[in-house]
Amino acid sequence: MSIEPKKKKINLSVEIAGIQFQNPVLTASGTFGYGMEYTDFIDLNLLGGIVVKGLSIKPSHGNSPPRMVETASGMLNAIGLQNIGVEVFINEKLPLLKKFNANIIVNFFGDTQDEYVLAAERLNDITEIAALEMNISCPNVEKGGMTFGTEPKITEELVRKVRKVTSSPLIVKLSPNVTDIVVMAKAAVNGGADALSIINTLLGMAIDIKTRCPMLANVTGGLSGPAIKPVALRMVWQVAKAVDIPIIGIGGIMNAQDALEFIIAGATAVQVGTANFIDPSISVKIIEGIKNYCQKDKIGDIKDLIGTLRS
Amino acid sequence: MFVTIVENNEISAGYFRLAIHSPELAENTKPGQFIMMKVGDNYDPLLRRPMGIHKISNKDNNPCVELLYQVVGKGTSMMSKMKKGQQVDVLGPFGNGFAIPQNIKIAVFVAGGVGIAPLAMLAEKMVKDATDLKTYLFIGGKSKNDVLCLDDFEKLNTKICIATENGSLGNQGLVTNSVSKFIDQKANGQASFFACGPYQMLKAVSELTAKKNIPCQVSLDRRMACGFGACLGCVVKVTQGNHGSYKNVCTDGPVFDANEICW
Amino acid sequence: MSIEPKKKKINLSVEIAGIQFQNPVLTASGTFGYGMEYTDFIDLNLLGGIVVKGLSIKPSHGNSPPRMVETASGMLNAIGLQNIGVEVFINEKLPLLKKFNANIIVNFFGDTQDEYVLAAERLNDITEIAALEMNISCPNVEKGGMTFGTEPKITEELVRKVRKVTSSPLIVKLSPNVTDIVVMAKAAVNGGADALSIINTLLGMAIDIKTRCPMLANVTGGLSGPAIKPVALRMVWQVAKAVDIPIIGIGGIMNAQDALEFIIAGATAVQVGTANFIDPSISVKIIEGIKNYCQKDKIGDIKDLIGTLRS
Amino acid sequence: MFVTIVENNEISAGYFRLAIHSPELAENTKPGQFIMMKVGDNYDPLLRRPMGIHKISNKDNNPCVELLYQVVGKGTSMMSKMKKGQQVDVLGPFGNGFAIPQNIKIAVFVAGGVGIAPLAMLAEKMVKDATDLKTYLFIGGKSKNDVLCLDDFEKLNTKICIATENGSLGNQGLVTNSVSKFIDQKANGQASFFACGPYQMLKAVSELTAKKNIPCQVSLDRRMACGFGACLGCVVKVTQGNHGSYKNVCTDGPVFDANEICW
């Protein structure tokens, strides 16, 4: 894109939980399908990583429609974690995905603690899978629907159980719907997390005043997109100050500037979510934009930018 | 991809026809497929808008695709202010499009309001490709202002039956009343139905055709975040597969066999 | 606005904590100054109520600038509760405000529990003040900066203390930065709240990537505007199902449709905040819009719409 | 209030002059006041943009106010695409404006980049109203492209001193270097300074004038949510009052006595 004559080589690679990423831009779970949905639009080889749609040990149909609605600079979704299940993923999707340079990260969840453990066990020790990302923003069936990710004790216990059954790098993805994200982050660290993904969606709702019905069949859904960026950034910053493991920043990242804000706040890498729907090639543009920023600001290694907020 | 607007005219109060110059889309689009259009440069509105392709045409020797849209909210209202010469960002074509049955003898189109949009392109193609095809159009709307594209079908010698809720054009009442009579009296196994319009209309047509085992394809409207199978936000419940199974309207549809849908 | 010949009279009045409001549209604290800032733009007599800028027993200078920044469909503010203090308000602002038909509601806060009590005592029993709104989203100096409104026990205790010293109707304004808004709402009810205002701002942050400094001198600030509406609406709906006292819905209300969503979700009234900055006459337009909706939907009394969500 | 755009022209790369038809604003605006402009119809961008009034003029017998703006971000970039004839929603005039001292003999204007905007209107009015006024303009920018409105000041017989950072016009360096020399050599108690531009420039001018006790008014830029005193988002720390006191830039300013500000 740039027409400058001599460009210094910039090192964009980062390390998270012992895995090398060629650059710090990943695609977020649930917004990138199983990867192959995007091959018409971008070269998956260019990505730092691909986090696939959240998988459970058994396939799941997900929620009744309507499942999504647009909001101001955001969207609500209540997909209900529809997925093909761990087994089908391994047999049908992974063989296609593994051909690319990008690290494959498998996002997974369960309705019960046992289901988390079963999924993690099945996904353990598959060389094509670079890391597991544990989604703890799921309704806890055993606890009447409160999510696993809002009670520090349960979070710690669950992470520990999963930690025991897998030798893969374990990333825990936190829910933002909590009073104190730092407490939750520390619980995940204590349970054995290697890295943290921050944040999942904020719980929201919309109503059709003509019919007086909720816009989502599920009534509430997860808010994502640029609307939530300020909240996500704040949480990444808070946690980065408090824990020693790497953080992957997520929430409303639409361009390189947004991604850089997260890195400056303390994220080692970022995930691009909702933006993929609007521009399916955005992740590659973000990598390019980060490179240009480093070039301009004379940053030879992206790692030198992480957590450099001046305040 | 960025394409240039060649025309954007109000053809009836609240309905616009927008033509964009695009050899790629003109060449690759099948009837029933759609594009996703970004409206405005900012984060509000955030998502692209799904818009069916209405026609493929040539404007000043430029291959174009045309949209026919109704202003219903923020995005379509912004679309209505777009000007000739402006660039607009679209993705597509997406979706399966209508399946055109081999050796079809009778094609019946059922349109509600702006649902006529994809049917115009479908009818034109079917008439062009077939040798001996009889076509019928059942078209309905709130008032005569909502009944569009009659001239396109007249050109094809289609038999047209109009219904408006306020009786300002054609029969008074729902278009499905006319369809019902037609099916009872005339339709038989040789006919194939193609319907696009409000959900309740599609459901009614689906029930009417199902009773007589007449094949019927419906084009569904769903709110969409991506349009290409990544978000799973657009699903519809289908009869096929195990209980509670869903299909993507954007990639498995938007056109479905009517009896595939759990109405 | 409407040209229909015969309009049925629609009753827009609502009652909260024994106070009658001529309509359910109030202006939110901190976004409407002390009221008089808006007299060039609207007739204050038309409003249901005016909630004045949060007051403390002593005047406060507020935070260093920069104090605000725009975000996608929202804004962050870190005003730091700058205010003229209860005494000056009573002597200089209230005499001007009391001339209008709108109910005057005084929002107040403290850095310590004692300061809350002192402010409430001083504001007690002033006939021109229709009600007190207690802002518990303030840093709790005694507890190292965690806000009063994130710990249910402290909330209940604080509300109870304030309740004891005032006979004015007491509205408690909740912070959305909590895991479970229902728990906080119940704490306020137990403490003696007559009504609840839901929600205050979400905690957020923004960074200038050129300088690598936070956009706000205070680093973090409160997110308001349309971006937060889905979260606010969800919280109002959750609380409306769980408590029996009236709720005032707040968060991203920009037009009559937004206000109606809150009422359908269970709010008895609404407060308009950030929208006042963009259109200082918006509150009156919202009242008009609610009236038109009722007319069209044949709702003779707005009270019949409250909490009528179909789900 | 909705007003009509009469003109919106790029006068130098990245700088536009926008004229709006408005008898109310033309009649009631003092130099140094500003308006708040809504850009776009949606929630992104959400807030109005503050814009100083640059001139009052007549276009085709219509009383107009003119803005002079630089494209720096989302809102100003959208402004640059506004077309003649389009309606735009503005509030104002807001702010105090410059205080014009009685019997002033020497007026010195110091402008950085687009900071020239309000000074052009101020200078014109001062020259018109005074009987025997000498005027000086110190104007700076990154390059000659950023040095605007020279002709307006030439018309007023103003002595103009230009500085550009890259030396492409006038002296090379910061405009405050020239101001410093001028103050050392020529300025005395009869002069009054009026400055608008980047914060660092205003601070420097303020220090230079303070040393010689020369009155100096500065017009400040702050991010604003409302523009009319309701949000307290725009404050600046002032020396007056007790420790840590703030004033609103929108209502107490944007123009302040330089020594009132805690720089």
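A, B, C and D label the chains in the order they appear, each numbered from 1.
Keep this in mind: a residue touches a chain if its C-beta (ideal position, glycine included) is under 8 Å from a C-beta of that chain, and two chains touch if they have at least 3 such contacts.
Quick caveat, the model's predicted, so the values are computed rather than measured.
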{"item": "Chains in simultaneous contact with chain A and chain B", "value": "C, D"}
{"item": "Centre distance in Å when chain B and chain D are each reduced to the mean of their C-alpha atoms", "value": "55"}
{"item": "Whole-Å gap separating chain B and chain C, where each centre is the average of the chain's CA atoms", "value": "46"}
{"item": "Cα-centroid distance, chain A relative to chain C, in whole angstrom", "value": "34"}
{"item": "Two or more partner chains touched - positions in chain D", "value": "43-45"}
{"item": "Contacts with two or more other chains, residues of chain C listed in rising order", "value": "72-74, 225-227"}
{"item": "Chain contact topology (line, ring, star, complete or other)", "value": "complete"}
{"item": "Footprint of chain C on chain B - complex, ascending", "value": "43-44"}
{"item": "Touching residues (chain side chain C, partner chain A) in the complex", "value": "71-74, 76, 146, 150, 177-180, 202-207, 209, 211-214, 219-220, 223, 225-231, 233-234, 237, 252, 257, 260-261, 264-265, 293, 308-311"}
{"item": "Touching residues (chain side chain C, partner chain B) in the complex", "value": "72-73, 226"}
{"item": "Residue numbers on chain A that touch chain B, as the complex places them", "value": "30-33, 37-38, 40, 53, 61-62, 64-70, 72-75, 77, 79, 82, 225-227, 254, 274, 276-278, 280"}
{"item": "Contacting residues of chain D [partner chain C, same complex]", "value": "38, 43-48, 91, 222-226, 228-237, 244-246"}
